[in-house]
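You will see chain A twice below: alongside chain B first, and alongside chain C after that.
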Partner chain A sequence: MTRAATIAFGLALWWIATPALAQDTERGRELYDRWCAECHGTDGAGEGSAAAYMMPRPRDFTTGLYQIRTTANGELPTDADLVRVIEDGMPGTAMPGWESKFSDDEVRDLVAYIKDFSDFFELFGAPEPLEFGDRPGADAEALAEGRRLYEQIECWKCHGDRGRGDGPSAPTLQDDLDFPIRAADLSENWNFNGGGRVQDIYRRLRTGMDGTPMPSFSDLIDSGFMTDEQMWYLAAYVRSLSPPERPRVRDVIAARRVEGRVPAAADDSAWNAVPPYYVPLVGQIIEQPRWFAPGVDGLYIRALHDGATLALRVTWHDPSQSPDPDWLEWQGWVAETVQPAPEAEPTALLPDRLVVQFPTAIPTGRERPYFLMGDSRRPVYLWEWSSDAGAHEAWASGLGTRAPLDGGDLSAAAEWEAGAWTVVFQRPLAAADTATTLSFRSGVAIPIAFFAWDGSNGESGAQMAVSSWYSIYLEEPTPKTVYVSPVLAMLVTAGLGVLVVWRAQRREVEGSSQQ
Partner chain B sequence: MTHVNRLRDYLRHPFWLAIALLVAAYIVFEFGVAYLPPLFGVRSAPIPDSVLLQYLITAAVGILIYVSDNEERWKRFKEPVGTLLVDPGLRWLRTALLVLVPLAVGWLTYSQVRPGVAAPVQLRSIHPAPPTSISFRGRTIRLTGLENPLRADGSIEEDYEVGKRVYYGNCLPCHGDLLDGNGHYAHGFNPPPLAFTDNGTIPQLTESFVFWRIAKGGPGLPTEGTPWNSAMPAWEPILTEDEIWAVTIFLYEQTGWTPRTWEHEGEAGAEGGHD
Partner chain C sequence: MMNRERCLTTFLAFACALIVAAGCGGGGEAGGEEGAMEEEAGGVATAMDAKAATVDTATAATVSGTVSFTGTEPEAEAIDMSEEPNCAARYDMPKTTEEVVVGEGGGLANVFVYVKDGLSGMTFSVPSEGVVLDQAGCWYRPRVFGIQVGQDLVIKNSDGLLHNINAKAEQNRGFNISQPVEMETTRQFGVPEVMVRFECDVHGWMYAYVGVLEHPYYSVTGNDGSFSLDTLPPGTYTIEAWHERYGAQTQQVTVGANESAEVTFTFGDASA
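Right, the complex of A and B next:
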């Protein structure tokens, strides 16, 4: 080989290798240390200072195991997979999307640096993404086929019959690093780590979620057990377990007025007359002991009244009907994983609880009690329900100060079915004792807030899920006068219109007759 | 081409010109204005309906002034209306309008008077006036004129690291990794957590103001900051004075903003104080 040819060859090599070198791991390290290390750790092992305040935990990059990929089970992710997770984040976890923060180049540098934490990327080279076919349409028959497969390949064992993460294996699930991991609630697709669309679900079924108990089902296609089309039907069925859109959060819960009596049973068809209002809940991280791993992430609320009684139907997803000894091991794992640990003994069998909070009187000005169980100047009135003691009224002037109220007219009926609690509260609008108890009135917005505890998750006391203040509005019967003013307005407008036309035409006629 | 010519003829007529201008103004206000702030690197939001209505009324008044400014133009402007009222050939249109307009008015009135479900409006001051001094763990701290003591001694890098640890252990769930008020718990709270990335927040404040807000939180808000719905905790029992000053440094370093200093505060005060 001549010298010129050698130089040319070398230059060509350099030119080919340049795109790879353009990924600047040094710049990636700077960005990583500044923005990522506090959760994922400076060494990439997922043990940053904030890691103990999260469940699921931040990813450990040293293992090379990644949940959200387009590659086969056990394979490394592609660069595009890592870019996608960094830019879009992981719904249902503490990982945000960084698209608004980092440029494309910065994300590429970060990917290069993150891959450096594991030797596997260098050892095995660039992985090949799987071929994903096109999504066939899914009609009712396809969804039925998807349901049949859901039963046949035993998705329900972890995810439960209705997909609420309440299958018999759910309390036994740990990831590869022995951290407890929840079977996804398939009826809340906005929390799916890899995205909630049918194609996202299909990909998770094909690739599995490495490092978690979620396997890949690609081998079922390879072995001829099911077709690719059937896999799409299964994905479409799983998607159908969630509502079409993520529920919108609204400030005011409308309690519709019904004729006759309000329903007392959870399954009464009268409830279908009103839409459910979604109230998101998050961990109580304000007063000690704080709680960073709440089991309940939202409530669905329906309200009705009949002019004498208010009925409130609260539904929430909870995979365990606590107290349930089957979940004791889980409770222990959570206690070892999350900081600060639960105050309750990890072996204590705790009930599930729900509290609906109101002020003790309808506020006249802008002032409301502190949303977290009130304060000494403005106490709150509570509807308490627990799975072991039923419903009671109580009173509080700050977290940890609750005192039960004797007597009272609150009643409640509760049932747990397929991973969801439904509690129906009923109380007369008028209070027996107005000093401690709220009297409800229609036609005004009344502050309302909610707190929930999942006993099998080790929650008790201040360690709970909370909401801030919302309002409940008891609708008034529509007064007849409402129809009077529109009719009057129409008559006046029409009369004026006719008058204007009549005058213009008369003037026109007069004008022409004068000519 | 004939279409273009006809359109031009129409637009020469003051009545159709006025209509066209009003429609154009609506399109600009409704769809165009939201694109302006990003040109200057400011976050954008659609115009609220009430403001849109105000803009349109202003535009309509301007157009009316223009068409009535000239006697000839004003006469021509009124022509189509007159024709509509008397022309026998437009009888059907006339009758239709005489029915439809009252119906629309009736519907508007009904939607105004029917019982609605709405929460009371909760106006509150985002940046209420700070007290001149506060009591912190029994010690009185004078806020007026107070600068971050950590900036005078010690290295900013160390304070940043301490502050970062404090932030990730306490503030992250609500205010988020990006400091944009969009942490994984943010959706649970109303009002939403403050976005420090927003140029209307910490760059407008002195570090002593930020110290006060962190130390006293939602429960320590003065009356104009009510209605006590803020989920911002009072950190006084949990964080030490130095930790609060350190996390303040972290907020400014991580967002790249610089705090307001008291010299600037004095100048701004002369112009009417800060909001």
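Right, the complex of A and C next:
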């Protein structure tokens, strides 16, 4: 081959190879600028225009620090790790999953572009994922061992005894950028970043979550303090703190009818007769002042009635029993982090609050009041509870218009235990004043909605967590015919059966006698 | 991705070599850039593999001096260790913040003084003995210290209760490891960085700083504010003094063979 031919051949190869790479990062950049830059910033530093509304803040790609990895603590993530986070998102944060939005090629191009933001990827090359062994089975004994380790290595220090993110160190936690960060609520595994399965939890324990206070525990295995198997048991125990399935959201909350009186105490075993209904909450971002960092993300509701009184048991996770001075500094950090900042002074200790909202009368048609505290045409009737003032009834015709109702028969008992509030409301079904107050009736769906405030998260006024409208349905008393009809039906069926058999036997006898 | 890049690099090098061989310098610059990048990537390893410089003790010089404090000393605040009774019990008086520690003679303690510039081109052997960072009484000991690139950092938990060591590095890869029991963990830093901050997220009051250098010429001031950089090769140096609250100051100094030079720094309200 002549020298010129060699040069031409080389240039041809170069020409073929170059566009493939250029297309990669170029397409990655286009996708990034269009879909990612608003939060993560065009320069990848996590300071896009929407970032200030978020807690936790978007990832800063320039540091090369990533929470969800299969690599050792302090190492870069693999491409597959980055693909997974893009596709699955980060539950419990503003980062959605993009699997349905991007093709595999597009995600690959995005990964290439995101890696360009940090020099570390070029300096260190492709990282090696850790070897994760197989998951051993976890029986009751293994779970007990997991619990023992949870206590011994002090997971509770941040995550709390029952895993609700209420440990003594929880109010002091900051991420690497000095923004406040919540200790994960380990009893809601559907919100776990990186996945809620035992193997996901095991990996987080091994690798840590870089950029957050969550450290790696791999050294405990390396140093011989615990075995790999024990680490799996710990992961299995952490998984057991959450329900087997993510709670299903149902539109209608059934209030079962009980014999005798409805329970007044939160721990009354009568509550076990009904399943909890899960109601997700989101930040109030419709009216000013908006709130993008709600502390309460869901409520567990149980309802019972006895024909005269309705009892509602509402439980939600809140790591702080506000007003709590231990969380005052946290409140200040939140005020510095989230836009728009809380309206309340960060120096004031705020209570936790819960409001249950109903229409003032059972609607005859399908129309319901405006879900944010009604409006002048259709006002709402409220059950209000706060950690510093107990419960009372109120009335509102729009946000910020609430007025307490005098008298009334609402009572409530509240307790905070291990990172969860439980409030039991009771009210007679019949209202004293039907002009402002709803009279409950069984056998009909009654609109119901919820609002919650976490005081130590700086929440007050319109800065709260809200639900949409749901319905509560008070079961009707069981009619007598329910007990009588099945018995009658059984008797008739049995009688007919006997008749058929008797006739068949007779026919057989007649037939054989004819032969 | 990496493979493809490597492929491209190979093609580039191939193409460039051919072009250069053909007497056409057009692609030379690109090839040079690629080469420089690789050198940078492997720079740490190269330095460590190279034969370390030996300083002739017969001609060695010393730079010493003091760091003094001026202005009003900020008041130390008592630390509430009530959540950790075992740690609180170790102190007769409640532990106070040690952000600014001024000795009786007006010296400023916990200042990291080191040769910032003047040693380039020289390599130094890495001490086989590690540097110990202990967690005792819910406190990092020492609070400010130095270490060489590649030298073992032995992180020790003497408390036997949960600490996490969250090393927040920018030039190095940081790490965040858990030590819930009495134990030791060893880590190293790959590149120079002044300073890397350690935090314990469990105990918000616990933090420490390490200066990572490619040479052994560093010193941390005690309560008298004094420091000494010994066994230096004669030369001209930029000396930097770094304090966690008051930042960094630099000074130039030249020392000849067997000479000693004095350098003084003053930190305080005015320098903040």
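We adopt the following convention: the second predicted complex is superposed on the first by the 457 of 515 C-alpha atoms of A that agree within 3 Å, B and C clash if a C-alpha of one lies under 4 Å from a C-alpha of the other, contacts with A are read in each partner's own complex, and residues count from 1 in each chain.
Going forward, contacts are C-beta pairs under 8 Å (C-beta built on N, C-alpha and C of every residue); 3 or more make two chains touch, one makes a residue touch a chain.
Source: prediction; values computed, not measured.
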{"item": "Partner chain in contact with A:487 - chain B first, chain C second, else both or neither", "value": "first"}
{"item": "Which of chain B and chain C A:180 touches, first, second, both or neither", "value": "neither"}
{"item": "Which superposed partner A:123 touches (first chain B, second chain C, both, neither)", "value": "second"}
{"item": "First, second, both or neither for A:112, with chain B first and chain C second", "value": "second"}
{"item": "Chain B versus chain C as contact partner of A:163, first or second or both or neither", "value": "neither"}
{"item": "Chain A residues contacted in one complex by chain B, in the other by chain C", "value": "none"}
{"item": "Residue numbers on chain B that touch chain A, as the complex places them", "value": "82, 85-86, 94, 97-99, 101-103, 105-110, 113-115, 117-120, 122, 164-165, 167-170, 172-173, 176-178, 180, 182-185, 187-190, 218-219, 226-229, 231, 233, 237-238, 254"}
{"item": "Touching residues on chain C, where the partner in the complex is chain A", "value": "1-2, 4-5, 7-8, 11-12, 14-15, 18-19, 21-22, 37, 40-41, 83, 161-162, 164-168, 170, 173-181, 183-185, 201-204"}
{"item": "Complex contact set, residues of chain A against chain C", "value": "3-4, 6-7, 10-11, 13-14, 17-18, 20-21, 24, 63-65, 73-76, 79, 108, 111-112, 115, 120, 122-126, 152-154, 157-158, 168-169, 172-174, 176, 208, 210, 212-220, 223, 225"}
{"item": "Touching residues on chain A, where the partner in the complex is chain B", "value": "34-35, 38-39, 48-50, 53, 93-94, 96, 98, 100-101, 249, 251-252, 254, 280-283, 285-288, 292, 366-372, 375, 378, 443, 445, 466-471, 473, 475-476, 478-479, 482-483, 485-487, 489-491, 493-494, 497-498, 500-501, 504-505, 508"}
